[in-house]
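Letters A, B, C and D mark the chains as written, and numbering starts fresh at 1 in each.
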Amino acid sequence: MIEKLVDLRDAIAEHLRAGDKAVLGACLEPDVPFAATHEIIRQDLRDLNVIAPISDASTDMLIGAGCCTEVTGAWVGNVSGGLGHNYRRAYETAEPHKLTVHDHSNFSIGMALMAGAYGMPYAPMRSILGSDILRSNPEFRLAENPFSEAAEPVVLVPPLKPNVAILPVQRADRFGNHHHWGSRGLVFEAAMAAEKVILLADEIVEPEVITSDPSRVLIPGYLVSAVCHVPAGMHPSPMTGRWQRDNEFFNEYHRQSRSRQGFLEWLDEWVLSLPDHAAYREKLGARLERLRIVGAAPAAETNFAAA
Amino acid sequence: MIEKLVDLRDAIAEHLRAGDKAVLGACLEPDVPFAATHEIIRQDLRDLNVIAPISDASTDMLIGAGCCTEVTGAWVGNVSGGLGHNYRRAYETAEPHKLTVHDHSNFSIGMALMAGAYGMPYAPMRSILGSDILRSNPEFRLAENPFSEAAEPVVLVPPLKPNVAILPVQRADRFGNHHHWGSRGLVFEAAMAAEKVILLADEIVEPEVITSDPSRVLIPGYLVSAVCHVPAGMHPSPMTGRWQRDNEFFNEYHRQSRSRQGFLEWLDEWVLSLPDHAAYREKLGARLERLRIVGAAPAAETNFAAA
Amino acid sequence: MADYSIQELMIVAAAREIRDGEVVFVGMRLPITAYGVARLTHAPNAVGLFECGIVRYGPADGMLYTMGDPPNQLGAAWATGLVQVMSLLQRGRVDAGFIGGAEIDRFGNINTSYIGGIGNPTIKLPGSGGAADIAAMSKRLLAIMNHEKRRLVQRVDYVTSPGYLDGGESRKKAGLDGGPAAVITDRAILRPHGSDNELHLASVHEGHDVDEVRGQTGWDLKVLPDLDETPPPTAEELAALHEIDKDGFWRR
Amino acid sequence: MADYSIQELMIVAAAREIRDGEVVFVGMRLPITAYGVARLTHAPNAVGLFECGIVRYGPADGMLYTMGDPPNQLGAAWATGLVQVMSLLQRGRVDAGFIGGAEIDRFGNINTSYIGGIGNPTIKLPGSGGAADIAAMSKRLLAIMNHEKRRLVQRVDYVTSPGYLDGGESRKKAGLDGGPAAVITDRAILRPHGSDNELHLASVHEGHDVDEVRGQTGWDLKVLPDLDETPPPTAEELAALHEIDKDGFWRR
């Protein structure tokens, strides 16, 4: 097997290109790879089309930092705070730049990534019928269901195939094999649809830990391009069984990013003035430690023995 | 929550009707619910349309016993023995009755059940292009991909919605919540697509065992109609972590079912002369015990604690 | 004013819309508390779905800032993906769905995308999330809103989440069943009525009156003949609510 | 006769068709052993896919009667569903796929469904399983067959698994890339050649000759100019094979 354990800086530099379609987290509120968001901003990658059902503050940061000029998603904002100020500024007043939005619902972006994941030419669905999403995003097509005798409109969703998906997981080995547990949002579909997958592993374990439970593997390691060991790389979002949500951090970001100047100060303090995620964790200090999940609620034992 | 633990005899009598579209196992070679196959034969339910990617000998038994007059599937036979003799007799010489076959490939029946599971009007796919499956099963439609500029043929697969899916699982609680691990074939898609789900649980456990690991749940118990406690209900097929395959049993069935008379004798010995699956297990005796997996290869510990 | 907050009344009113045994698509904030109250009172067999990929029976033990927080994972009935849970909507297996909104119109259409319309909006809102899907595919849609004239409008600028569209048969013609069953605001409850499916005033909360509510509504709000005051929370309902909202978040 | 069985030679020949790092859709019996030989010799980074929902790196430790047996689950790289694994075919991510068959024709089309055609077949075979998908979507299809005149026919009665269809551009016109790369029989190896993509005789196994092979083929089998004897298994290949086939199942 091929060793894929690399520094996050090198993973971003090697695998992400200006103009790429990129998934940064697809688990909805948990497991947003903020460590990667920050590294992308530090490397000043431009013109990203950020794909996510719900991006939480990650997309807002990328927009404000000038890295993201297109969004393909169902919801952009700050889940704790509500509106995303950079998102609004970019869309309403083109500050710091013009923003293009490809509107989706959660289910339609799920169908689009699923079609990409499974190599389907497109996915027919019904649950955005009646919505103006069909008007504001002309990529969808309205058609008739050829299997229905009565007229029955259906929406055809074209497949989404991101260039890169960056996804946090609880544990991985150095070959890219890994475990993910708890709710999955669109993590699986994004991982299968993307050309390249970069994992932020909260913990690096021996390969035997992963092969002990093949049912908890998201996708096999041979489909992964890089694994980065980044503990709490999803802070301030939560990770099941590992880290609680730092809700106040989202609120602080929301308050500070209300003005462009406030956002730039926040960005300098938490991203640009720090060399890497280790420095970010050090800056968080005891605040991060308080979020660490220390209790035990173990999953029931499961046997894979063959004889 | 509603108690759903019932005897297999009552579950079949209550939930399965003559003429139903029924999934009896969808995990390919493992987890074929032979206990239910036998009970259906004892209750002499007729005109079933049996849906399965690969049915192994279960469908062959149902055909020979006169219960199954239609098959919707990709492969019918005896995985160990090769051909299914009852299947051949029914199709080639209408003995004991005429048989209708709705041809599929494994992936097309997967797409059909997925479309049924997800409420999709149909599923477009490509991997049976060029195959005469498109000729022998007129339910498929050939169309052009509306998103492609060049001519690009696609196959439209109508959704499959079974009336009942009967599925073995390793453990369940009395409310229908359960765990399934190892390869899943089309078990998930079948469970979600079906109107009713009947589980054959190898073991009944306390609800806390199931809720300790929500990531190992196939579908939540509220979607399950009945749970039956049937240890080794999938014998002679294997169950991950629980039971090895009784390959010789398949070979014996294959040899005995070569003639119609031989099949009827086999049926009498192993199904009709036995009142239930407990008697079948008793008849197997030490042979079954030798198949029990007694080794330990536990999955790595996984924490769901919240704080 | 009685011994409950307006949010508590809204939560209780929302809880009453959930029937026992129903499958409910639960949103965050008020709806998740309403779901808990329903489970602890009249609907002990209700099931709660969360679009991140969680199904729960009982409410979570612990503060939830978002639906994916660790307390909502612990003890869940199912932890799976978005497609797997949201497909239950498209499969017709969701009885009731809750959503909020910035703008709603007289046919129950909701805008959470573009205030001022697509071309040059005055406010770019976050967008649909799962709201469009929930509105399109739940058997009954339940909306929760603040009641202000700029929010309850004649016609929304952009239909993120379809209600009865242009009224009458237009929703059916678009290929949709279901539709809004109730709009619960901080002043009143509105329900569709008549062949047009226009929202009518069904009940007014304690301390509010019809004229005030009509004055805060952006269309000529008609009043149902059997209009009544919204029944205040019962002692049992308040007890259930306080069991869930231990810190009194909704009492402020 | 050399110190190996004809099955062992077929397994080794199949193993040689797998290149290092490739993703291989593995069938049961000969192909799974061939995959193991390839991993232990020249292709240590190959990946094996099984349609029941298993991905493995190394071969299973223990006898497999079917791909879903417990030894194939233990230590797998991924245990998932059929759709998840087979979609890798449709996504264009499978380099090579192995299938068997009852009948194959000069363009590599395979019938495992209806001998004698759909209407009134003389033999109803089990059907496609995953073979149609593997044949349609693998970058290279590798077929393994017994070499008999009634099996290698001018034109199959029913195309379960598409080869080059009517030859030439007809496969491309049907919307398919890829196609058969080799047919490994118990007498010879056939490969497509020329603009027609008709199967030609590429090599003959030790102990067999061209005339015999042509006599056992149902069409006028053309011979490639660089025809040679199939290279016998090397000592390394046989050692790898015996490490996997500890009981000598394929030596009989």
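One rule holds for everything that comes next: a residue touches a chain if its C-beta (ideal position, glycine included) is under 8 Å from a C-beta of that chain, and two chains touch if they have at least 3 such contacts.
Bear in mind the structure is a predicted one, so any value in this text is a computation, not a measurement.
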*What's the overlap between the neighbours of chain B and those of chain D?*
A
*State the pair with the higher C-beta contact count; candidates are A-C and B-C.*
A-C
*So, what's the distance in Å between the C-alpha centres of chain C and chain A?*
28
*Centroid spacing, where centroids are CA-atom means, of chain B and chain C in whole angstrom*: 40
*Separation of chain A from chain B, taking each centre as the mean of its C-alpha atoms, in whole Å*: 36
*From the C-alpha centre of chain C to that of chain D, how far is it in Å?*
57
*Send over the residues of chain D in touch with two or more other chains.*
54, 69-70, 73-74, 76, 79-80, 83, 87, 89-90
*Any chance you could list the residues of chain B touching two or more other chains?*
119-120, 125-126, 152, 154, 181-182, 214-215, 240-241, 244, 293, 297, 304-307
*Which two-chain combinations qualify as touching?*
A-B, A-C, A-D, B-C, B-D
*Please name which positions on chain A make contact with chain C in the complex.*
27-30, 53-54, 73-77, 79-80, 82-84, 87-88, 91-92, 101, 103-108, 110-111, 114, 125-133, 135-136, 152-154, 181-189, 238, 240-241, 244-245, 247, 293, 297
*Flag every residue of chain B that touches chain A in the complex, lowest number first.*
119-126, 141, 143, 145-148, 152, 154, 156, 158, 179, 181-182, 205, 209-210, 212-216, 240-242, 244, 293-307
*Provide the residue numbers of chain B that touch chain C in the complex, in ascending order.*
1-2, 117-120, 177, 192, 211, 214-215, 217, 219-222, 304-307
*What residues on chain D touch chain B, complex-wise?*
50-54, 65-70, 73-74, 76, 79-83, 86-87, 89-90, 113-114, 118, 121-133, 135-137, 158-162, 165, 171, 174-176
_Could you list, by residue number, the parts of chain C that touch chain B in their complex?_
23, 45, 47, 54-55, 57, 61-62, 69-71, 73-80, 83-84, 87, 89-92
